[in-house]
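Some structures to go through are shown next.
In what follows, subunit A forms one complex with subunit B and a second complex with subunit C.
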Partner chain A sequence: MKVNLHPKEGLLFNAFMLAFIINSVQVGVGLAGLPRVVYLEAKHDAWISVFLAGIIVSVVLVFMIQMLKQYDSADLYGIHVDIFGKWAGHSLNVLYMIYMTSTFFIILMNYVEIVQVWIFPTLPTWQLSLVLILLVIYAVYGGIRVVVGVAFFSVVGTIWLAVVIFVPLQFGDFTHLFPIMNANVKQLLMGAHSTTLSMLGFEIIMFVYPFVKEKQKAMFFVQMGNLVTTLIFTFATLISIVFFASNSLEKTIWPVLSMFKIVRLPNLERFEFIAVSFWMLIILPNMCFYLWAASKGFSRILRRKQKWGVWIIAIAAFAGSFFIKTRYQMNTMTDLVAKLGFYFAFCYPVLLAMIVFVKKWYKRRESKHAETS
Partner chain B sequence: MFKWLSGKKAEETPKAHSLDLEELKEQLKTELNVGTDLVFRTMKRDGEKLIFCLMSSLIDSTRLDDIVIRSILNNKDIEWTCESIAKVLPMISITAVNQLNEVVAGINEGKVYIYAEGQPYGILADVEKTIQRGLEKAETESLVYGPKISFTESLQGNMNILRHNIKDEDFCAEDLTVGKRSKTKAKLIYIKGIADEETIQTFRQRVKDLDLDYVPGTTVLGQYIESDSWSVFPQLMTTELPDRISIALYRGKVAVLLDRSPDCLYGPTSFFSFFESTEDVYMRWNMGLFLRMLRLVATFFSVLLTPAYVAVLTYHYEVIPSPLLLSLGESRARVPFPPVMEALLLEFVIELLREAGARLPTKVGQTMGIVGGIVIGQAAVEAGFTSNILIIIIALSALGSFTTPSYLMGTAIRIIRFPIILMAGLWGGIGIMLCFCYFIIHLLKLETIGGPYLTPVYPIRLKDIGYSFFKLPPQYLSFRPLTNRTDDQERFSKKKAKQKKDVDE
Partner chain C sequence: MQKRRKWQNLVIGITSFFLLTSCGVETKQLERLGLITAIGFDLKKENQIKGTVAVSKFDPMAKVMTNVISADANTLQTLRAEENLATDQRLEMGQLRCVIYSEELAEKGIIQLVNALNRDPTVGNMVYLTIAEKDAFSIISMEEKKIKVNIGTYLYNLIRQNVERELLISPTLHEFNHKFFDYGQDPVLPILKVKKDKVAISGVALFNDDKMVATLNNDKLFYLKLITDEYRTGSKELEFNRDEFSKIINVQGGQSYGEIYNKLFISIDNLRSNTKIHLINKKNLTFKVEVKMDSRLLETTNYLDLGKPANMKFIEKKINKEMESQIKKLLLFFQEKQVDPVGIGNEYMAHVRGKPISQKKWKELYKNAKFDVQVKNTLTKTGTMD
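Our next item is the complex of A and B:
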């Protein structure tokens, strides 16, 4: 397998699009429940935790981009093989594919659950998940160009929801925020840790990087994307803290969706129905990118057509949807994936970057050594 | 084993026709089985024989009599040989041929074959008569403002109009033939130095590669050369307005004219260019911008309104504020159907009216509109078939879909409404959103002559948005649209346009 991936000229997209990609993949089902999970850890300083998490993500992104820059045009699959050799590298690749498949699955199941809770309590899980999976397959079949397009339209089509979220502020009580920095560092870090599931998605950069046209600009736009995400998350958390009373926020599973209830237009009430529907456009790029990146592994590792990978993962995810029946299982699965994500997206890439730096440094030294002697 | 079956028959080797007049006649008669349409006129002079072979339905008989036959009769002292006859014919297009297939093709195109017995070859003289209607106002793309002349069915005439619009030395019109059997003439039109070479090549290649017996018109040609034939959305635009073509050519597009077709096909055309009207160009920019936005919003609501009604009334009535819900409930109280049925029924009626109106002559068509709009609408509500509010919504969305300047795109928009209504009836807001996501992905996948379909929105070309999505004041449009990858990028000097006459002068 080649380490570097050189896609056709027509498949490349502008670095500018990376901002949309990172933003759209990060914003997903996690956001709906984000304020509560952070609040449980960091109490009314939760918004600081979220912001902190954003900063951590941006540091991790620096590591990732620097690691990718060591190569000409490689993705994580290639880097693994380059660093660890064929067998160990491929095993890691397969692990990563499994991680991405399970993230794909969790996003899907969480959205189906939201729909069932908020709109159609009797809707069978398999129906909606089947249709959503087919939709995502249709998009992924179009290749990276279409998937990036979905990310773009997702951001453009749902950014107005970020404005709507400020509406509940008029009913807010800002005293909820004080005293600021009441939580200790450990609580803040625990809060930041609990944002993992929402923040996940930025690791996709390690797979789309070969398709970026102006690679030197990648860092800037990736950081921009993350910045927007962090701001949206921080404000959503802040507004939730201001809006909800302490004990009611702890009991509201999807505070962001609950807040939409308050939005009222002359001809529309109960805005959350629209918000939940629109949430589909928000999660669509997440699912597309995870499916695309995971199935890309098939063509990279097994040298089969990517279509095979798409179908295998899709069928696995669809089959998996039959095993989750209760809220309890759902919670366990989500926590598991969040934990996986913490290691796979936060810790591991930093570690790998270190290894890559050392290896490159060693190689450079060696070649210099060879020249002088 | 069956190789001989799949193998093509050996091409007939061209052969010279018979030198004997009677045999020539027989040969032509067997080749062109057209009965009395094929006319022979033989002249004799001192044992010499001269024959005129022609297709009476294709030729202009006055031209034949006045020019060809008269000039031969008047010049009595000339020899009846090919050269000398050619000398006396006061015509431009004369060709000397002797192959039977060339003669047959010539006669078929409306030429007269003049042959003196015993000569090695004869003359084909063009006396073709084309049936052509006069220039008329554009019908399908009617305009309030701007030039109204429209193309006709004659390729010659259409080229004439275009040529008069564009007196550019770089204006190119390549000859193409479409249809293996019908051999319809076509022209590939572009402006050299502006149009992208790759786009031209794609067009040329796709038209040339067509292996069809007959193509009825440019709209059909468009369907054959576009990339995705399964899609409901048209990917190439046809228009009957010559000025639209001129504008497009100067933006770097490529056009195809087909003989006997009153529309011109051009591309690459993105999704949003189907919502452009030439009026936007002729009007002041702010008016144009307003109208274009109006059209886009109308289209959006045309697709969304009815499904939203169905979704809200079937599943999410909480969304409606209580005062509005009361009046809605009141008007729907007598309706026995679920909202999906009601909406589909009424949409069906509207489509019926539109179709019936289009098929009937104008005078009866107007009556149809009145009967449909007032009588059926009113009666349907009174009979308790539908609610008043749905009638308003359906009428609005029908109006919205008719604002699209391109008839094909308008039809596409009306058609995609039906699956969305069905999904709205099935899954409410989720169903509508599913359809929207599907259409976004679908539009992302489409392409028009190799270019992206959703440009300039995706891939985003901020500069081009002033061309096809919004409309900017003319001094800001000093460049040609980037998406067309034009060779000559600048239309006029940007600097000059920005010069202002103000106090600093």
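Our next item is the complex of A and C:
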């Protein structure tokens, strides 16, 4: 297997699309419940935790991009093989594929659950998941450029929801925010840790990097995407803290959706129905990118067509959807994936980047020695 | 290859079409629905509530649009099931506008009934919660002919227009929840009263936790709203002893009027206010309530000489003093009843670092809190005359 991937000219996309990709993959089902999970850890300083998490993500992104820059045009699958050799590298690749498949599955299940709770209580899980999976397969069949297009439209089509989030402020009680910095450092870090599920998605950069046209600009746009995400998340958390009483925020499963209940349009009493429906547009790029990146592994490792991977993963996810029935099962699964995500997306890439730096530095020194001697 | 792609797309398209339209999602036809616009709860006997719903129909042939159904049950869900058995329509909560709890029930606690609404995603967050002075049944079952519209809509408009006129504190489900779940604040709900075939608001109920413990009449409500909220166009009538104003009462050409009363009433409007509550002494728990307002003097029962700046200052001072004493009285009343609709507790907790104190602890502290009230009213205009 080649380390570097050189896609055809026609498959490349502009670097500024990276901002949309990172933003759309990060904003997803996690956001709906984000304020609550962080609040449970950091109390009314939760918004500081979220902002802190955004900074951590941006640091991790620096490591990722620097690592990718060490290669000509490689993705994570290639880097693994380059660093760890064929067998160890491929096993790590398979692990990463399993991780991305389970994230794909969790996003799907969480969204189905939201729809079932908020709009159609009697809708069977398999119907909605089937329709969503087919839609995602259709997008992934179109190739990377279509998937990037989905991400672009997702951001453009739903960014107005970020404005609507400010409507509940009129019912806010700002005394909830004080005293600022009441939580200790440990609580703040625990809060930042619990944002994992929402912040996840930026690791996709390690897979789409070979398809970026102007690679030297990648860093800037990736950081821009993350900045927008961090701001949206921080404001959503801040407004939830102001809007809800502390006890009810701890009990509300999807505070962001519950806040939409306040919004009233002249001939539409219940805005949250619109919000939940639009949420599909928000999660669509998440699912597309995870399915695309995981299935890409099939073509990279097994040298089969990517189609195979798409169908295998889709059928696995669809089959899995029959096994989850209750709220607490969902919770355990989601927590598990969040934990996996913490290691796979936050810790591991940094570690890998270090190894890559050392290896490249060592090689450079060796070649210099060879020249001089 | 190209052909096969098309064929695949077609299959995906058709499957999605059938899945989305034919099965799974239950259909709700408007004509077959009975939309609940108001619910009333009464305490039937121990552990049993009586629920009454006003149902709005969409049948264009029917003359009476509202249907009142009543049933007994222990939880809201069974209540709805019981009520469903008594009608030919399927009852839906999506258009619920107003919920009424009887005073008797409110005194025992209503949070489990409110939580049932919270848990149900079909119920909006802007539903108004109210208290019935006697029983909720008699309000819901008011004859439609007399009030012309559906009772749910009537109550909704009654409350909304008074909230918009700033005569009432907004009693939405969300605000009730917010104040109930906040340790440092207690909810306030309006009390409805049947008055000659009409429903009117007679005051507000003050809650300690979810239990109603005291009431406040409409006159006092002004001061509560003044210190919890802000006024944009409020109005207020103030009562004074006439003797205190004797030096500025203008006797025009020996003509005098209003002499028969020994009271002097001043009414101000276009009132814009802004209130800040500060914790000025953590140890002694002293709060400073600072009210700033601008208003227009519109009506006096005696002819006052308003041309001189000194006289205006004098009236301002009198109004300030009167309001200060009223606010102070009100705060002490709240303290005595152990209710905190103002949110003094929130203010306190915003200044205390470390682990948040429990509600019980706060109520203990609240007993000994002291208040320092300062009102600064500026009479900006006096209408078309001076």
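Assume the second predicted complex is superposed on the first by the 373 of 373 C-alpha atoms of A that agree within 3 Å, B and C clash if a C-alpha of one lies under 4 Å from a C-alpha of the other, contacts with A are read in each partner's own complex, and residues count from 1 in each chain.
Methods note: a contact is a pair of C-beta atoms (placed from the backbone, for glycine too) under 8 Å apart; a residue touches a chain by one contact, two chains touch by 3 or more.
All figures in this text were calculated on a predicted structure; none of them were measured in a lab.
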Contacts of A:Phe244 with subunit B and subunit C, given as first, second, both or neither: second
Subunit B versus subunit C as contact partner of A:Met280, first or second or both or neither: first
Subunit B versus subunit C as contact partner of A:Ile312, first or second or both or neither: neither
Touching partner for A:Ile83 - first (subunit B), second (subunit C), both, neither: neither
Touching partner for A:Glu269 - first (subunit B), second (subunit C), both, neither: both
Touched partner set for A:Gly142, first subunit B, second subunit C, both or neither: first
Touching partner for A:Thr122 - first (subunit B), second (subunit C), both, neither: second
Touched partner set for A:Val131, first subunit B, second subunit C, both or neither: both
On subunit A, the residue positions that both subunit B and subunit C contact, one per complex: 120, 123, 128, 131, 135, 138, 264, 269-270
Subunit C residues within the subunit A interface of the complex: 9, 12, 15-16, 19-20, 23-26, 94-95, 118, 121, 124-126, 174-175, 177-185, 343, 346-347, 349-354, 356
Contacting residues of subunit B [partner subunit A, same complex]: 315-316, 318-321, 324, 427-430, 432-434, 436-438, 440-442, 444-445, 452, 454, 457-460
Complex contacts: residues of subunit A adjacent to subunit B: 13-14, 16-17, 115, 119-120, 123, 128, 131-132, 135, 138-139, 142, 145-146, 149-150, 152-153, 156-157, 264, 266-270, 273-274, 276-278, 280-281, 284
Residue ranges of subunit A touching subunit C (in the complex, touch as defined): 43, 117-118, 120, 122-124, 127-128, 130-131, 134-135, 137-138, 171, 173, 175-179, 182, 243-248, 258, 261-262, 264, 269-270, 272
